[in-house]
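Taking it in order: structure first as structure tokens, then the write-up.
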Amino acid sequence: MTKIEFNKDTKFSMKHNKKTDRIMQNILLIPTVLSASFVLMILIFISQRGVAPFLPSEYGNESVNFLRFITGVTWYQPPNSYGIFFIVVNTVFVVALSSLIAVPISVFTALYIAKMTPKPISKFFQTIIELLASVPSIVFGVFGLGVITKVVLWIASIFGLQTAGGISTLATVFVLAMMILPTITLLSITAINSVNLDLEKNSLALGASKMQTYFKVTLVSAKSGIFAGIILGIGRALGEATAVSMVAGNAGSGPSFDLFSTTRTLTSTMLLGLKETTGLDYDIRFSVGMVLILLIILTNLGLNYLKKKVGRFS
Amino acid sequence: MKKILLTLSIIIVAIALVGCSTTSETTSATTQTTTSIDQTMEVTVYTRDTTSGTREAFFSGIGFSAASGDNTVLVDGYVEVDGNGSMISSITNDLYGIGYISLASLTDTGLNGLQFEGVVASKDNVLNGTYGLQRPFNYIVREDWTGMDTESQIIEAFIAYMNTVDGKATISNKHGIVETTVSDSLWDNIKSNYSVCTEDNSSVTIYFGGSTSVESVAKALSAEFTTKCGNFIPEHNHTGSGDGFTRTQGSEADGANKIHIGFASRDFKESEAYAEGTTGLICLDAVVVVLNGENSILSNITSEELRKIYSGEFTTWADLLG
Amino acid sequence: MKHSKRRRLDFLFQGVITITSMIGLFLLIAIFAYVFKQGSGLLSWDLLTSDYYATTYDTYYSDQLGDEVFEKPSHLDESVYFSSKWGIGFSTALDNEGKSYMLIAYIDSNSPLRILPDKNNEGEVVEITENQALLKVIFTNYTIIMSSEGPENAANLFDAADGIIDMITTTSGKGIRGSIITTLYLIILTLIIALPIGVLSAIYLREFAPKKSKIVEILRRLIEMLTGVPSIIFGLLGAAVFIPFTSTFTAADGGNLISGALTLAVIVLPVIITSTDEALKVIPDDFRQASLALGATKTQTTFKVVLKSAIPGILSAVLLSVGRIIGESAALIYAIGTAIKDQIILTERSTSLAVHIWSIMAGETPNFELASAISIIILAVVLVLNLIVKFIANKLSYESRTS
Amino acid sequence: MKTENVFQITNLNLHYGTKQALFDIAMEIPKNQVTALIGPSGCGKSTLLRSLNRMNDLIDNCHVDGLVQYENDDIYDKNYDVINLRTRVGMVFQKPNPFPMSIFDNIAYGPRCQGVKDKKTLNEIVKNALVNSALYDEVKDRLKEAATSLSGGQQQRLCIARAIAMSPEVILMDEPTSALDPIATAKIEELIQELKKDYTIVIVTHNMQQAARISDNTAFFLMGELIEYDKTDLIFSQPSKKQTEDYITGRFG
């Protein structure tokens, strides 16, 4: 048996070895800090631009009155009566309605996929939902403008109501519900799948029917995970822009709770009538963006608090 | 199990089929409806945004100038659209809508264009001044051409082209109302005055902007003029008459959105203090009040009726019909 | 009695759930059905390869016209008006926006108009072909025919004329080549920027970061927060940071492809980090230990062994990112702008396919056919990418289960 | 004959967090012999093995007190070069863990990490390692193939070859045959007998027959303590401690 020796120490001295790792660790810290800094960048730079419309130093006597901005119920360009209050109310209204539609459908779908159907079918349906989740917003927009508005028009005609070509609160709600449905469904499936099977078996052994077990045991045990899905869905709904602005219309005042009239959400305000300009009408969109970020954070905090309360037994 | 699978697939197919058929049905719903007009319905009022020249021409034409720059005097629940095209598509979708568009774009829309004060919106009636809702299409160019020699020469040639027989034919083809006179010459006869057009300008981008109403005219002109002037690259970004001034001589003249030539579908305002010799008339246009193509309840409308609709004094179609 | 009621109730619930769960499938089918119905007619190789803006040709005819009389071919119907003097036929056609224009429906192979001199470039010629649109003709007798004046007039005026001072024709345009190229540029640029940053961050966080460090925990949290940011907010970031940034360092002036790619890079960063991290997480510690036991440094271990095993995960990240880039619209509207272009320059504006849809839907009269045709392309690419990712994930989990 | 010791362990205490895993270990590992560490699961034998090339460093809250000397150097000294230590003290793990690369690249991995780039030298190293690990004839035509395509026993011998390629002085083996079938196990054992001519081998094993068959010395561990350490034949024929006797006669463990 031969032993081939090679010099192990010439190139990589002990110090060198330790150093490479430490240097590498520091080098790798750079992209990590960079990645992490973007959230801060968003907060800093968007606030910087978003505050500008309120500063007389930036816009002189054209500057927007902040109090009017947060309490206002009209959104007109000149004269700059930018009031965001009704837009926030409309946004919350639209998102709440769309989650009301999407949540039961999602939970049922998740239950069906996770529990009530044989493996191949369930796999097929799960793939369908995953594909639906990956459909880009703009395609939902085209579908919304091409089909959903017509459906709304048709519903309106049944009730003898008026609607501006179907571009309405209801169309926005439908489009949003469609878009958050896969998000909530997929998380609910995970939640339901992680419920201990013994619980179900126990329930069945106690003489409960399958449906009773699903509703009283499975869903109840999975509620925390399902709630996480709902939070994610609502977050997505709040921030969804392209599709919403294609079907929301451009209501200049509000708040309006009429399902068949046009509406205006924070995101549609940011996109609609965007004329690639600089100036007040452009910068004010950054202020709207700030409000949107704030709304999302607050909603998240609120819902997470609620989730803790809901999930305290699980 | 197989039975369940079978039922399932049948349900899926059935739903899909129903879905597809509703899809196709509903897409053509607006053209199929032969619904009679329910007069108790409210009039949905559509307006352009405040930077629009069409809006300016419309409201001053009906004697409601207060509304041309101020949304607060308008009826509650009005709908603001941000272009001639979106006005057309909105009214096309809304049986009870009323709005106003440029005459230039009325053809092929299928909308019901109304007479104004008993006068039909036509080329002749505009030229002889009997049609009240008319306005000029103007151009405005930069005053400061620092570092843009070629661009300024191309624009100079472009303006000359708009006044040739060739250019006017194109303008009127896009429904701009323009009078040709015997003194107009062919481009071929004057092109020797514009040496810039014999050079290769394919690396030069000319930025067009301003009124969306003038857009189709401007695009048609630039599309054919580029081949006649060294293949410069025309870039159009039409955002409203107000920006026509702002981006040539106003606050954005040197910003990222600067343009070389802007258009306005109205006269320039006092606040838009342009330098002498930088503007001119391209053609005239009429503003037409339009209803949904299915809505033939009216064929004529007066300025008083329009004022009452837009201010909210009339809310339903019954109000309007008296 | 009570029992049967319960069973009926059960059955009812079962039915309701089964039917509601079909909604997802129904929606997907409905979306597909709609975009295919609207857009498939437009989908062609020509659409993918031609320019959005029509090319305009400017020609004239000054030769002596021969005596030849052309016959109208029998396959042309009455809607085509034929000039037997020039051997050319016109008809009315509708463009993608539903506007009518005059189409050259037929041109005889011997027609004097077949090859005409290019008016503005001496020595060059223009080929007049079928499917070009006739914009304007000025004849030597000073009559003018415009596209809106109808094919019948055109045919008559041609028959009456002996020469042409100016004839302008154009190709149909409305192609999406420019937007396809932009999308490809964006994909490549974004990945070049985001992939190293994302993969290296993931490596740091999983392999190198000191455990239990507060700062690392904060970094991790901040990166996680990025996932919850809506894309329009990223758009604002692009407008507020990356556009000025690129304008300072490049020839750009306003939104451009680089600012767009930077914005997209931030958007896909969490996707890449999460996906790489997932991949690193499942790599058995055995590999790391074996390598270290052989006297390799941590750096060598990470880059020679660990990273190699993470490649399928990184590949999934790339595919998911590509899907996200192709589908992204709101952010790009802010970070690049909405100007559709044919000549793609990195430091200038142009639209990705998704923003192209936005442009044609939100700008002028909505063009459902073209929007749907582009939607088909986007959907096809995105869905295929997602299926591949799913396939990779399945394969990985299968391998990790069997090994 | 005086045997030379490669490792000298004195008063070694090792904690995982608050839990102590090794208590006051003191032992020497003689050169060019096979030393077997035996004992029931969780007795600390693997922990001890891993403290010999400082693989325990990788465990977060592992804390080591006492002295481990390799060729008279304290390997836990903070100036001691761990990387260098590991090039000299190789290790083979319980589960065969070839890298997801070719057979050749697996074996060349260590030398390459040390900066050996010369193709010829690498070829020589790989060939020699394969020959020494009795794998050469089986794989010589498929060096470019994925290492994972080998059978379990072959993979383990590849891992040994990979360790040999570094020409270490010591090879630590952590239950190298526990995941293998009897035939593969026999081959590995045979190989260990060959290897001990050139290498010092420390092997952790569950299998007492294996320890008896292949080792020169055996250390018996219980609950983190070194109960008995002696020549293998002595341990198995006349253990001095009651616990050792109980264990090797199969009364517990």
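For reference, chains read A, B, C and D in written order, and residue numbers begin at 1 within each chain.
Following the convention adopted for this analysis, contacts are C-beta pairs under 8 Å (C-beta built on N, C-alpha and C of every residue); 3 or more make two chains touch, one makes a residue touch a chain.
This one's a predicted model, so the numbers in the text were calculated from it and none came from an experiment.
> Trace the shortest sequence of touching chains from subunit B to subunit D and report its length in steps.
So the least number of steps between the two chains is 2.
> So which chain is the furthest away from subunit B, centre to centre on CA atoms?
Result for max centroid distance from subunit B is chain D.
> Averaging over Cα atoms per chain, report the distance between subunit A and subunit B in Å.
36
> Based only on mean CA positions, could you tell me how far subunit B sits from subunit C in angstrom?
28
> Need the CA-centroid distance for the pair subunit A / subunit D, whole Å please.
For subunit A versus subunit D, the centre distance works out to 54 Å.
> Using Cα averages as centroids, what's the distance between subunit A and subunit C in whole Å?
Each chain reduced to its C-alpha mean, subunit A and subunit C end up 24 Å apart.
> Where in subunit A do residues touch two or more of the other chains?
Expected reply: 8, 12, 17, 146-147, 272, 276.
> Specify, in ascending order, the residues of subunit D that touch 2 or more different other chains.
As it turns out, subunit D has residues touching two or more other chains at 83-84, 87-88, 114, 166.
> Could you list which residues of subunit B touch at least two other chains?
Touching at least two other chains: 8, 23, 27, 89, 237, 256-257.
> Within their complex, state which residues of subunit C touch subunit B.
18-19, 22, 25-26, 29-30, 33-34, 37-38, 53-54, 56-58, 98-100, 119-120, 135-136, 138, 142, 144, 146-149, 165-166, 168, 170, 247, 253-254, 339, 343, 362-366
> State the interface residues of subunit C toward subunit A in the complex, per the touch definition above.
Touch residues, subunit C against subunit A: 6-7, 9-10, 13-14, 16-18, 20-21, 23-25, 27-28, 30-31, 34-35, 38, 196-198, 200-201, 203-205, 208-209, 218-220, 222-223, 225-226, 228-234, 236-237, 239-241, 254-255, 266, 269, 273, 295, 297-299, 302, 323, 326-330, 333-334, 337-339, 354-355, 357-358, 361-362, 366, 368, 371-372, 375, 378-379, 382-383, 385-387, 390.
> So in the complex, the part of subunit B that touches subunit C is made up of which residues?
8, 11-12, 15-16, 19-20, 23-24, 27, 83-86, 88-89, 108, 165-166, 169-170, 172-173, 175, 186-188, 197, 212, 215, 220, 223-224, 226-230, 233, 235, 237, 256-257
> Please give the residue numbers of subunit A that touch subunit C in the complex, ascending.
8, 12, 17, 20-21, 24-25, 28-29, 31-42, 45-46, 48-49, 104-105, 108-109, 111-113, 116, 125, 127-132, 134-143, 145-147, 178, 181-182, 185, 209-212, 215, 235-236, 238-242, 245-246, 267, 270-272, 274, 276, 285-286, 289, 292-293, 296, 300
> Mind listing the subunit D positions that touch subunit C in their complex?
Per the touch definition, subunit D meets subunit C at residues 53, 55, 58, 60, 83-88, 90-91, 93, 95, 97, 99-101, 109-110, 113-114, 148, 159, 162-163, 166, 172.
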